[in-house]
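Structures for review follow.
Two complexes are shown next, each including chain A; its partner changes from chain B in the first to chain C in the second.
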Partner chain A sequence: MDMRTEVRQWLEQDKVDVFLGYKMIEGHPLPHFFSKDNLEEVDALVTGPARYPLEKIASSIATEKPGIKIGLLGRECTQRALNVLYIWNQLSPDNVKTLNVNCCPSRLEAHGDCSYLEPKPSGDYKKQMGLDNNMATEQTDIYSQEERFSRWIYEFQKCIKCYGCRNICPVCFCKECSLEHPDLVGTGALPAEVPIFHMVRAVHMAGRCIDCGLCEDACPMDIPLRLLYRKVNEIVKETFDYEAGISQLQPPFSVLGDTVTLEPKPLEMA
Partner chain B sequence: MTVKRVTYLQELLEFMGLKGRLHLEWISSAEAQKFAQVVTDFTEQIRTLGPSPLAVFTEKIKANAPKAFRRPEKAIKNMDQNLLFHGMQKAKSA
Partner chain C sequence: MEYKFVPSVCSYCGTGCGVLFQVMDGKLMGTMPLKTHPVNEGKLCLKGWNLHEYINSDMRLKSPLIKFNGRFRKVTWDRAIQFTARKLNEVVKKYGPDSVGVLVSAKITNEENYLAQKFARAAIGTNNVDHCARL
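Here is the complex of A and B:
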């Protein structure tokens, strides 16, 4: 069935109260709120490589109007983000209905609609001084501890502290953010306090990051955030055998007691 | 909970190039000898690693930042004290 017909049916049959999708507005596909009152607008529903965290918009709508039934265009990363939001009680699975759209490419699909399919190649200077955005986490193993540090600092010191990575993040929902807490991160000055700013975010992403890549997409300074959070996910997977977004199990950091037995690491005498 | 968070942070710090600068150990108040031993060993390890590379970069960033972006001197002073590795407690009491 055609996407628009289905959405129209959902709205007409009151399966959902609102539907979150994209509408072409002055040449830009922007998130739009389709409702029964404006059914004719559904004809303008589009899908494409543009990505916005629709699930984040959904959770802020749900906070304002609990019980509202929301339909949204769902990619695979949307599904993972929804799972995390269900765990943290930001949305209720009963009130959310997703319309799955073509997304991540695989051999079974002719094409995928995702703005992250073609990461920008990093320039030579960036490769020499910092980190290549297209790197795999294991590839950083060749760098010594000193080199890793200087490369990460090179990347972090570019930060203009726009908070774009936090604002776009589908799984960031706290009302009070540590990144704005003057005791934790210095506020109101540039350059952003490195590396604390990014470290705090990385720590908070443990067991939450669903690797959608929106933060890196949004970053105006081209900081390899996805590489950092991929490592975060790897550590969580290796240490706690937990993967965020694939299930509705509580993450290890919000369960008291042990899911896996850990011992404090012994001192490594040099 | 502590061991989970610290293990995670140790791995993350290693990825970013600050390996071996964070250590966790359970010591009872009755284990004075163990306490002394752990502190001595850890101090020794930190001494081998040398001063934190963070301080060097903080200076560099400070010197290279465009004038308009530069923090007021007082803030820079506070920033140095607030570094995570020198302890959150210190930042709070200041």
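Here is the complex of A and C:
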């Protein structure tokens, strides 16, 4: 069935109260709310090519209007993000309906609707001093530990602390963020505390990051964040056999909720 | 529920990054970078990311203030402009036009900046014009 016909049916039959998709407005593909009141607009529904964190928008609406039934365009990364949001009770799967659409272009898919996450080539200076954003995590092992450290520090010290990586992240939903906690990260000052700022975020992305690439896309300084969080989640996969976005349980090292599966290490006395 | 996405331009500096406002029932809920904007290509700085916070801030000044007897009081725009014009005239008459400087802004349009320098040169009669982006 045609995508637009399906969305119209969902709205007409009250399967969803609103549908979150994209519409071309002033030449830009912008996220748009389709509802029963403006059914004729559904003809203008498009799938891309830009990608916004629709699932994040959906969960912010669900917080304001509990019980609202939301439909949204779902790429593969959207599905993974939704899984994480369900696990952490930010959204209820009963209230969300996704319309599956094409993902980023890759070797497996000839046609993609989300061209904005295509890897952009890194420049020569960046390759010489820092890290190529398109590297596979194993490839970083060709550098010695000292070199790898200095390359990461080069990347981190560029940070202008815009908090864009956190703000755009579809699986960041905490009311109080560690990155704004004065005891954990130096707040209010520039440059960002290197590498603590990025390490705190990286630790929080363990078992959380669904590798959608929105953070790297939003980073004004081109820091290879996706590579960093991929590395963190490889460790999670190796150690706990947990894959964020695919596993149906909360991460094994979660300290929220009733059960703590990891023995906390006792603090060493000085 | 009415939820809209409104494309706009960041009002902080003169770069002109594209932003996307999230508006729920007439209230600004959040700001996102405009992914397809040619200037910022989906990136924003800290100030751009927080546009909704200063628009909704209680500290925001919504009307002009004039100081009477050491305390600021809200006045109408008409009154404020009359007051400023009178004071400027007094200063120019007493100390000469070069005692006045006009500082224009990156946050206003090109045309408004043009008008401001025209005002400085033609109305006041000074070349003391500077721009906040020329730091």
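Structural remarks
One rule holds in what follows: the second predicted complex is superposed on the first by the 244 of 270 C-alpha atoms of A that agree within 3 Å, B and C clash if a C-alpha of one lies under 4 Å from a C-alpha of the other, contacts with A are read in each partner's own complex, and residues count from 1 in each chain.
By definition in this document, contacts are C-beta pairs under 8 Å (C-beta built on N, C-alpha and C of every residue); 3 or more make two chains touch, one makes a residue touch a chain.
Keep in mind that this is a model prediction, so the values were computed, not measured.
Clash-free side-by-side placement of chain B and chain C is the outcome of superposition onto chain A.
Applying the stated contact rule after C-alpha superposition, one finds that A:S60 touches chain C and leaves chain B untouched.
Within the superposed three-chain model, A:S150 lies in touch with chain B and out of touch with chain C [touch as defined at top].
Applying the stated contact rule after C-alpha superposition, one finds that A:L99 touches neither chain B nor chain C.
The wider contact with chain A, measured as residues touched, comes from B rather than the other of chain B and chain C. After superposing the two complexes on chain A, the angle subtended at the C-alpha centre of chain A by the centres of chain B and chain C comes to 90 degrees, rounded to the nearest 10. In the superposed model, A:C165 lies in contact with neither chain B nor chain C. Once chain A of one complex is fitted onto chain A of the other, the partner contacts of A:P195 are limited to chain B, with no touch recorded for chain C.
Of the two partner chains placed by the overlay, only chain C lies in contact with A:D217; chain B stays clear of it.
By the touch criterion defined above, A:P31 lies against chain C but remains apart from chain B after alignment on the C-alpha atoms of chain A. With chain A fitted onto itself, chain B and chain C come no nearer than 11 Å, counting C-alpha atoms only.
Common to the chain B and chain C interfaces on chain A is no residue. Against chain A, the residues of chain C that register as touching in their complex are 1, 3-5, 7, 18, 20, 22, 24, 29-30, 32-37, 40, 42-46, 48-49.
Considering their complex, residues 17-18, 25-33, 50-52, 57, 60-61, 64-65, 68, 116, 160-164, 167-168, 217-220 of chain A touch chain C.
The part of chain B that touches chain A in the complex is made up of residues 1, 3-12, 14-20, 23-26, 38, 41-42, 44-45, 48-49, 53-54, 57, 61, 65, 69, 71-72, 75, 78-79, 82-84, 91-92.
Against chain B, the residues of chain A that register as touching in their complex are 137, 140, 143-153, 157, 183, 186, 189-191, 193-196, 199, 202-203, 206, 228, 231-232, 235-236, 239-240, 252-253, 256, 262-265, 267-270.
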